[in-house]
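There are two complexes below, and they share chain A, which is joined by chain B in the first and by chain C in the second.
This part shows the complex of A and B:
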């Protein structure tokens, strides 16, 4: 059938005097709409962003090409440096504890115990609402005279804690709220990984006399290598891109005193509040480079650990 | 031709598949066929206003009436949620698809004017002989949209803040807001302390008075008002520089610091003071304007309106600064669209009484000031008396960045406990650098 079709196409080509459209290329034509869509809405904006990072652009006037000036200026831009440090602190707080705690939760829920599914469902609840809703809920919980203060105050008698209005507490609050929602999500990924470990291997370790800790360290963890890398990479990328939490939960979008200003929020401020789209694009490019570097580093380290 | 059919048959042997391909070709051809052009004389103007539910019905009626009166003009009216309005406007202008008619706050118009987005008012298209013929119809409202002696928009809402007292809380404290409301900033803390309830740690469980801290522009407004009371300008008109490192600036800022740290009456850590007043959790609030009256009535709150306090040695007898929302026309629109846009704006202004009485949008126009709605509540007169004395809060390019720097300094002083003497000069320099950069970019 296919041979006949090819012969027919060849004949047709001869008659029309031009080469036929090879049937093998038809697949490409079918995916072309998606490729065009992807190119227009994903690839083009990325390259356009790179171009904008080389311009002085206020969105209201035409962009002016200024070469690498935006990047040179970032090196001495106090706001950018503040946001960079805040982001790095946030990333540490939003990755290491999440990695460890979500693994611990997965190990717990990997055990069989009464009511496990119910507890697991409750534990998973923070993943369901959108980030904006989570931020709004926590805004109420973290009111200076709210539930969080009452809980702490029950121990030490303090009746007011400015959780979101203190330059030390506010960044910590961002990390806690982020981790609260992220841990159950990553727990599911760990659980999927744990499910994939063959029971025979664990049984063999038990027969060899391995205790629970030894089984985890020498059997589970090495076999969870790819899951571990996935969790680390996703958690890092998510943390670097954090925006909604700081936008909604923090005082004055990044306050107090810029203590919760992260790079994602800075891009928004530069682009849409300060009319500095060229700087916003430059920060985005730097973010892209950092995330790419950290992810590649994680993948490289992951290849060498085990 | 036969060969091509043979190829199609060999590729799509199923007749249904071939039929589908031909149908798809027909649809694509039909869709790509040129559409019959609109009548050459018809002008379509795009009008973008932000959402305000009580106003939308009036907007639609105005559009219908306008199109009927001007059959050669079509209006494409879009209502945009308040939270998305600024961003959408900005991206539309960036992509060259901005509206012909749009609105914005007096605080942000400077940026648009600097970028030459705003068309100066076309008095002829509006149907007025000149600027005086237009502005003489208003008590005030154009100072926030005047640049280089020209006006670039028409006020569709003018506001100024006054103080609202919760009568029940004042009565409970044995006070009468009519008689006991403080006339000066200096007298305010002692009176408000009487309304404040505190726990054993001295933490307010009910505040007597607080500022609207979550509002980014509150600090800008209140500080500017305090500058004006001292006979000074927050943005020096001579040098064009921000003047927080002056005695007037230090005094205004110190008042806010003392409110939080010395008198402990409130602070940025608390919630929305407007919501707290409406919920009966706050004794006094000073960030409602005329628009507050229907909200008090809806909340079933017994209230008293009082003028904002002044400094005891105030040079000017002004309360809080004024601000406005303006209807403006896109200078990049075609001349015919601009003319049509100003005609539309005129019809909008001519409905000022209806907009005030049904949508609560106040413009101090003569017919509004003599309307039954205006006369129905004596409090309105008190608010408008304050408006007569108010100056407009300064509008500068890069407003949001400058305000962010100011708020950072505020946090450093109020929450970080850093002395104003060191913070103010530093943030003042930072604000002026940001302002100079915004002006330079706009000038370029």
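This part shows the complex of A and C:
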């Protein structure tokens, strides 16, 4: 009966004959393994993590419920506040230049010229190595007497620069290395957006006598608004989660003097070096809140744009 | 900056201008990788030579790779990484296609809420999961084991999302025709749907492989036994602790090994590679 009613409704809605109920249930069997998997390894841990953030837990004795104490402590926790500021600085350095430079690169590689595809593939290479490899290579390039130093020294004669041992240079180095790998990746996203612009629109602008700059400003950029938003939010979310660079490339995992300590690294340190699981979970909840706000902001802006 | 958007083709004069700008940018970005790959074949003192040796003067054939294998069990790490990554690829490709197909083509009750449940996990950054997940895995007794290492990331929700989109595009008539011919639903999935999704599954497989190959945080926390290290975790040992000067030749050789699988995918499957990366970014 139910199946017949459903079929009738579907046909009324213009859909061609829905399969009877027993076939439809097969769908549930197909999705069930995946649903169970995510319930166990994603949904449950998220809620468990929220609970842990309200406890004092060192893995040895059972978790002790302490309400919002962990969050209250964070407000006066020097390490956390340092990490928060470092993260925000890193995010600024890992988004604005990336956004602009990857757009410039995409505009360049959107032009037609001989050898373009080969050159584009070369430009794209930094996307390939895993994050740890990037950190290892740059440890060598940023050696105090290494290539970065000799390049700079060529201008001013300095022969030793402590790139990773200086509290101002080290966070800057993290940003440069991050951006080096991020720019070619985001160029790809911009290019996908640029390819989506119909050639007729550009041709029409040319016929109307628009100059190159005017065409970029009034034709391309407005049509790239959703891509632009996507690049901005992806770059922001990725930067907030940065961990590997600060863990492998920096001196003593977050050093010197905690100048490269970011929130992602602090979660690891509290959880797996100090075994303060409650504090680690509290920091991760703060990260979650920040990243969620970025996502929501993106959705809200996306809706306003259209 | 003036951007020329004249109709494509023609204007041969501008080729050298664009080419030289693009080539300088490309070489600047590719330099660190060139340096890594060439240093893997240099003798140790040559690596830090100033001015830089663009090619090895005293070419080392495999000495640095052998040394890298002596400092740490590089080949074991490589195998662990391969098992880890291929398991993730297989899990996400198979279960992703199956669930994507289920969500796309069967209108069972509750499918919207279940789909949202799966997709919402995409918005959760891994740092949120790492602490509770570790405690959960420890509780199951899977800490320090292949199960604990591999299982929690076996299926990626992005695969379900991507495959649902591709499965939705398959014509319903095709499935109907198979049913009329007496095919069972599992048969339809395995013999009709799966082959039709194959090109998309290649793109998905590549992106999952890249993610899994670069995975660091979870393998770092869940495994203490060095025999279970994946390559990225093992690699960090070449440059740590920080105050010890690394053996750079070995570190560069190991880094080259760690980049090789991804580079091969890029060279041989470039079209799928770019497609997969773009699809993964645009998912939101």
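Throughout what follows, the second predicted complex is superposed on the first by the 275 of 306 C-alpha atoms of A that agree within 3 Å, B and C clash if a C-alpha of one lies under 4 Å from a C-alpha of the other, contacts with A are read in each partner's own complex, and residues count from 1 in each chain.
Here is the rule we use: a contact is a pair of C-beta atoms (placed from the backbone, for glycine too) under 8 Å apart; a residue touches a chain by one contact, two chains touch by 3 or more.
Predicted, not measured: the structure shown is a model, and the values here were computed from it.
Within the superposed three-chain model, A:34 lies in touch with chain C and out of touch with chain B [touch as defined at top]. Once the two complexes are laid over each other on the shared chain, residue contacts for A:252 go to chain B and to chain C alike. Judged by the touch definition given at the top, the superposed model places A:273 against chain B, while chain C stays out of reach. By the touch criterion defined above, A:145 lies against chain B and chain C together after alignment on the C-alpha atoms of chain A. When the shared chain is aligned, chain C comes close enough to touch A:180, but chain B does not. Which of chain B and chain C touches more residues of chain A is settled by the count: it is C.
In the superposition on chain A, A:237 makes contact with chain C only, not with chain B.
By the touch criterion stated above, A:23 is placed in contact with chain B and with chain C alike.
Once the two complexes are overlaid on the shared chain, A:208 sits clear of chain B and of chain C alike.
Overlap of the chain B and chain C contact sets on chain A: residues 16, 23, 26, 59, 143, 145, 251-253, 255, 272, 277.
Across the complex, chain C meets chain A through its residues 1-9, 14-15, 18-19, 21-23, 25-27, 29-30, 32-33, 35-36, 39, 47-48, 50-52, 95-96, 98-99, 101-103, 105-108, 110-111, 114-115, 117-118, 121, 123-136, 138, 151-155, 157, 160, 172, 179, 185, 189, 213-214, 216-217, 220-221, 231-233, 235-236, 238-243, 246, 248, 251-252, 254-255, 258-259, 262-263, 266, 270, 274, 277-278, 281-282, 284. Taken in their complex, chain A has these residues touching chain C: 16, 18-19, 23-31, 33-35, 37-39, 41-46, 48-49, 52, 59, 104-105, 107-109, 111-116, 119-141, 143, 145-147, 150, 180, 183-185, 188-189, 192, 199, 202-203, 206, 212-213, 215-216, 220, 230, 233-234, 237, 240-241, 243-244, 247-248, 251-253, 255, 263-264, 267-268, 271-272, 277, 280-281, 284-285, 287-288, 291-292, 295, 298. Listed in rising order, the residues of chain A touching chain B in the complex are 4-5, 8-9, 11-16, 20-21, 23, 26, 56, 58-61, 64, 143-145, 157-160, 162, 164-167, 251-258, 269, 272-277. By the touch rule above, chain B contacts chain A in their complex via residues 2-4, 6-7, 9-11, 86-87, 90-91, 93-94, 111-112, 115-117, 199-201, 203, 205, 214, 216, 267-271, 397-398, 400-401, 404, 407-408, 411-412, 415-416, 434, 438, 441-442, 444.
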